[in-house]
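Next come two complexes, and both contain chain A; in the first it sits with chain B, in the second with chain C.
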Partner chain A sequence: MKPPAWAQLVLWAVAGENEAEFVAGDLHEEFLLLCAAEGRSTGSRWYVRQVLRSAATLLGLRFRSGEAAHLVAAALVAVAMPLLLLDRLWSFVYSNIPFKDGLQRAPGFWAANVVCVCVCAAVCGSLARTFVRAMGVALAAAVGAGCALWCSAATAPLFYAGLVILAAPASSMAVFAWRRSR
Partner chain B sequence: MKWVKRIAIVLAVLLIVPTVTLLVLGHRANAGIARAAVEINAPPDQVWTWLDDGDKLKQWVSWMVDVKYPDPQKAHGLGAKRVLVLKDENNGGGLMQIAATYTEYAPPSRMTLQVADTEGLFNGEESYRLVDLGGGRTRVETRSRAHYMEWFANFLEPLITPQAEKKMVMDVARLKRLVEAKAEVR
Partner chain C sequence: MPKGEGLGEFEYLIMLAVLRLGANAYGMRVRQEIATRTGRDVTIGAVYATLERLADKGLLSAAMSDPTPERGGRAKRSFTLTGAGMEAANRARQDLANMLEGLEFPLPGGSQ
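Showing the complex of A and B:
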C-alpha cells in the first residue's frame, strides 16, 4: 500500500537530503499501521496532513543547513531572472511602438518565455546530483516562475501562467531523469 | 566539465540565434514600415474628420489621451503642428508626446504627417489615403514608417514593427466601427 504520490513528492521537495529519507520512512511506517487499523482513506488523509504540517519545519531545516541557498539561487538566477528580463524586454518592445500599446503580449512572446524558462530549468535540473536535490530544484523553479509572473508588468493569460509554473519543474525533472538514466 | 560545456553551448545558442536573426531581419526592405487598410461604409468627407479632429482621433487610437495644438490659429493644413499625447502602459503608465507636422494635406483624400518622439527616441512618417469607392463607401489606407534613434530599439525593430502593425490594424478596425455607428445615427 502506498501513500498519495503528490504528498510524497511534496515531502521530497521540501525536506533536505539528510531528513527526507528518515521522515519519509517514519511516515510510511505509521501510514501502513493506520491503513491496517482504520482503512486506506484514513491513512491517506493522515499522511497528507502530516506532510503539509511538517512542510514549513522541514523547509526551515533545509534553509538552516545551507542546502536551500543553492535552490533559492537556482530558482532566482535560472528561472525568475530570465522571465523578468524577458518581461522587461517585451515592455521595451511595446514601449517603442510609435503609437504605443497595452500590456497584452503576442503569443510568440509568451512562447519565447516558455522555451526560455524550460531551457533554464533544464540546465538547473541537469546540475542536481541526487533525487532529493532535483525535487528541491524543481520546486524552487516552480516558485521562481510564480514569483516572476507575479512581478511581471504584462497581463499574463491563465493558460500561459499555468504552463510556465508546470513546465519549469517538469523540464528540470525530465533532464535530471534523462541524465541519471545515461 | 562535459556538462558545463554543454550548458554553455545551450546558453550561447539561446543568445546567438536570436541576435543573428534580428540582425538579418533588420536589413529587410520594409523595415520599420507598418500598413493597415479598411473599407468603411461612409463617404470620405465623414471619415476625414475622424483623422483630422483631435477629439475624434482620441476615440479610435488606443492609448492616445490628448491632442494639443501649439498654434490653435493654424491647427490644420500644410505645415500645421499637433502634439499627440499617449499613455505608455509599458513604461509605468507615463505620458509620451509625439510632435506631428502636416507635410501633405488634401482633404478628403490624402494626409501625411512627419512624426517625432519629443524624447528623441524615434522619428518617421504617418500617412493616410482615403479612396472613394462610390455608394457612400471609403477605403482607408494607412502607412507608418518609423526610424529608431536608439541602437537597441533599432536592433529590436523586427519585433517592434509587427506589433505596431497589429496595433494599427486594431485601431483602424475601431475607426470603422465608430464611423459606421455615427453614420447609422445620421
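Showing the complex of A and C:
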C-alpha cells in the first residue's frame, strides 16, 4: 500500500534535503499502521492532512538550513542575470548600428542565449549533491529563466521562450545525473 | 541564563518524549507519544522543526539507522538527549516546580 502520489510529490517539493527522507519514512510508517487499523481511505486522508499542515514548517526549515539560498542563487545569479545581461548587451550593440532595419533580434542572439543558460544551469546542477537539491535547482532555473524573459527588453518568440524554460532545468538535471553515474 | 537558552513548552514536551522513548525516539514515535499523552494533534513538520532546533542548540544528538521496508526503504533518524539536554530538562522541571509551589489546582474556572 502506498500513500497518495501527489501528496508524496508535495512533500518532496517542500521538504529540504536534510529532512525529506526521514519525514517521508516516518509518514510512510504511520500511514501503513493507520491503513492496517482503520483502512486505506483513513490512512490516505491522514497522510494528506499531515503533508499539507507540515508544508509551511518544512519550507521554513529548508530556508533556515541555507538550502533555499542556494536555490535562489541558482535562479538569479546563474540563470536570470546572464540572460538579462545578454539582453542588455544586445540592446546596446543594436543602438549603435545606424540605419538598422527593423527591431528583431538576430537568430544568433537567441541561440547564444540558450547555450549560455544551459551552461550556467548545468554548472548549478553539478553543484547539487542530492536528488532533492538537484530537483530544486532545476525548478529554480526554470523560474529564473522565465523571470528573465519577462523582464527582457525585446519580446521573445514563443519557441525561444519555451526552449529556454525547458532547456535550463533539463541541462541542470542532465549534468547532475551524469555526475551521479560516474 | 541568557535569553533564548530556556526551553519553550513544545520543546520541553519533545525532550520528555525523547527521554521516554529512549533508543526508539524518532520523528513518528515522538509525534505519537505527544499525541497519546497530551491529546494534541501534532504534525510531523512541527516535530522535526523542533527536533532540529534542539539539535542545533546542542540539547539533542542525532543518529541515522539503515533503511527498512516498512518505511518505504527510507532511513530513520533517532535522537537522544545530550548532557546539556539533561541539564536543560532538569532546570526546566525545577523552574516549573518552583512556579507551581503554593498554588492549588485545579484553578477555579478551569476544567482540570
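By definition in this document, the second predicted complex is superposed on the first by the 117 of 182 C-alpha atoms of A that agree within 3 Å, B and C clash if a C-alpha of one lies under 4 Å from a C-alpha of the other, contacts with A are read in each partner's own complex, and residues count from 1 in each chain.
The criterion applied here is as follows: a residue touches a chain if its C-beta (ideal position, glycine included) is under 8 Å from a C-beta of that chain, and two chains touch if they have at least 3 such contacts.
Just so you know, these numbers come straight off a predicted model, no measurement behind them.
In the overlay built on the shared chain, the residue A:28 is in contact with chain C alone; chain B does not reach it.
When both complexes are overlaid on chain A, the residue A:91 reaches chain B alone and has no touch with chain C. Contact with chain B, but none with chain C, is seen for A:106 once the two complexes are overlaid on the shared chain.
Of the two partner chains placed by the overlay, only chain C lies in contact with A:55; chain B stays clear of it. In the superposed model, A:123 lies in contact with chain B only, and not with chain C. By the touch criterion defined above, A:71 reaches neither chain B nor chain C.
Contact with chain C, but none with chain B, is seen for A:19 once the two complexes are overlaid on the shared chain.
Chain B contributes residues 3, 6-7, 10-11, 14, 61-64, 84, 86-91, 96, 98, 115, 117, 121-122, 124, 126, 144, 146, 148, 152-153, 156, 159-160, 162-164, 166-168, 171 to its touches with chain A in the complex.
The touching residues of chain C, counted against chain A in their complex, run 26-28, 31-32, 43-46, 48-49, 52, 67, 70-72, 74-77. On the side of chain A, the complex with chain B involves touching residues 89-103, 106, 116, 119, 123, 126-127, 153, 179. Residue ranges on chain A touching chain C, taken from their complex, read 2, 18-19, 21-30, 32, 50, 53-58, 60-61, 64.
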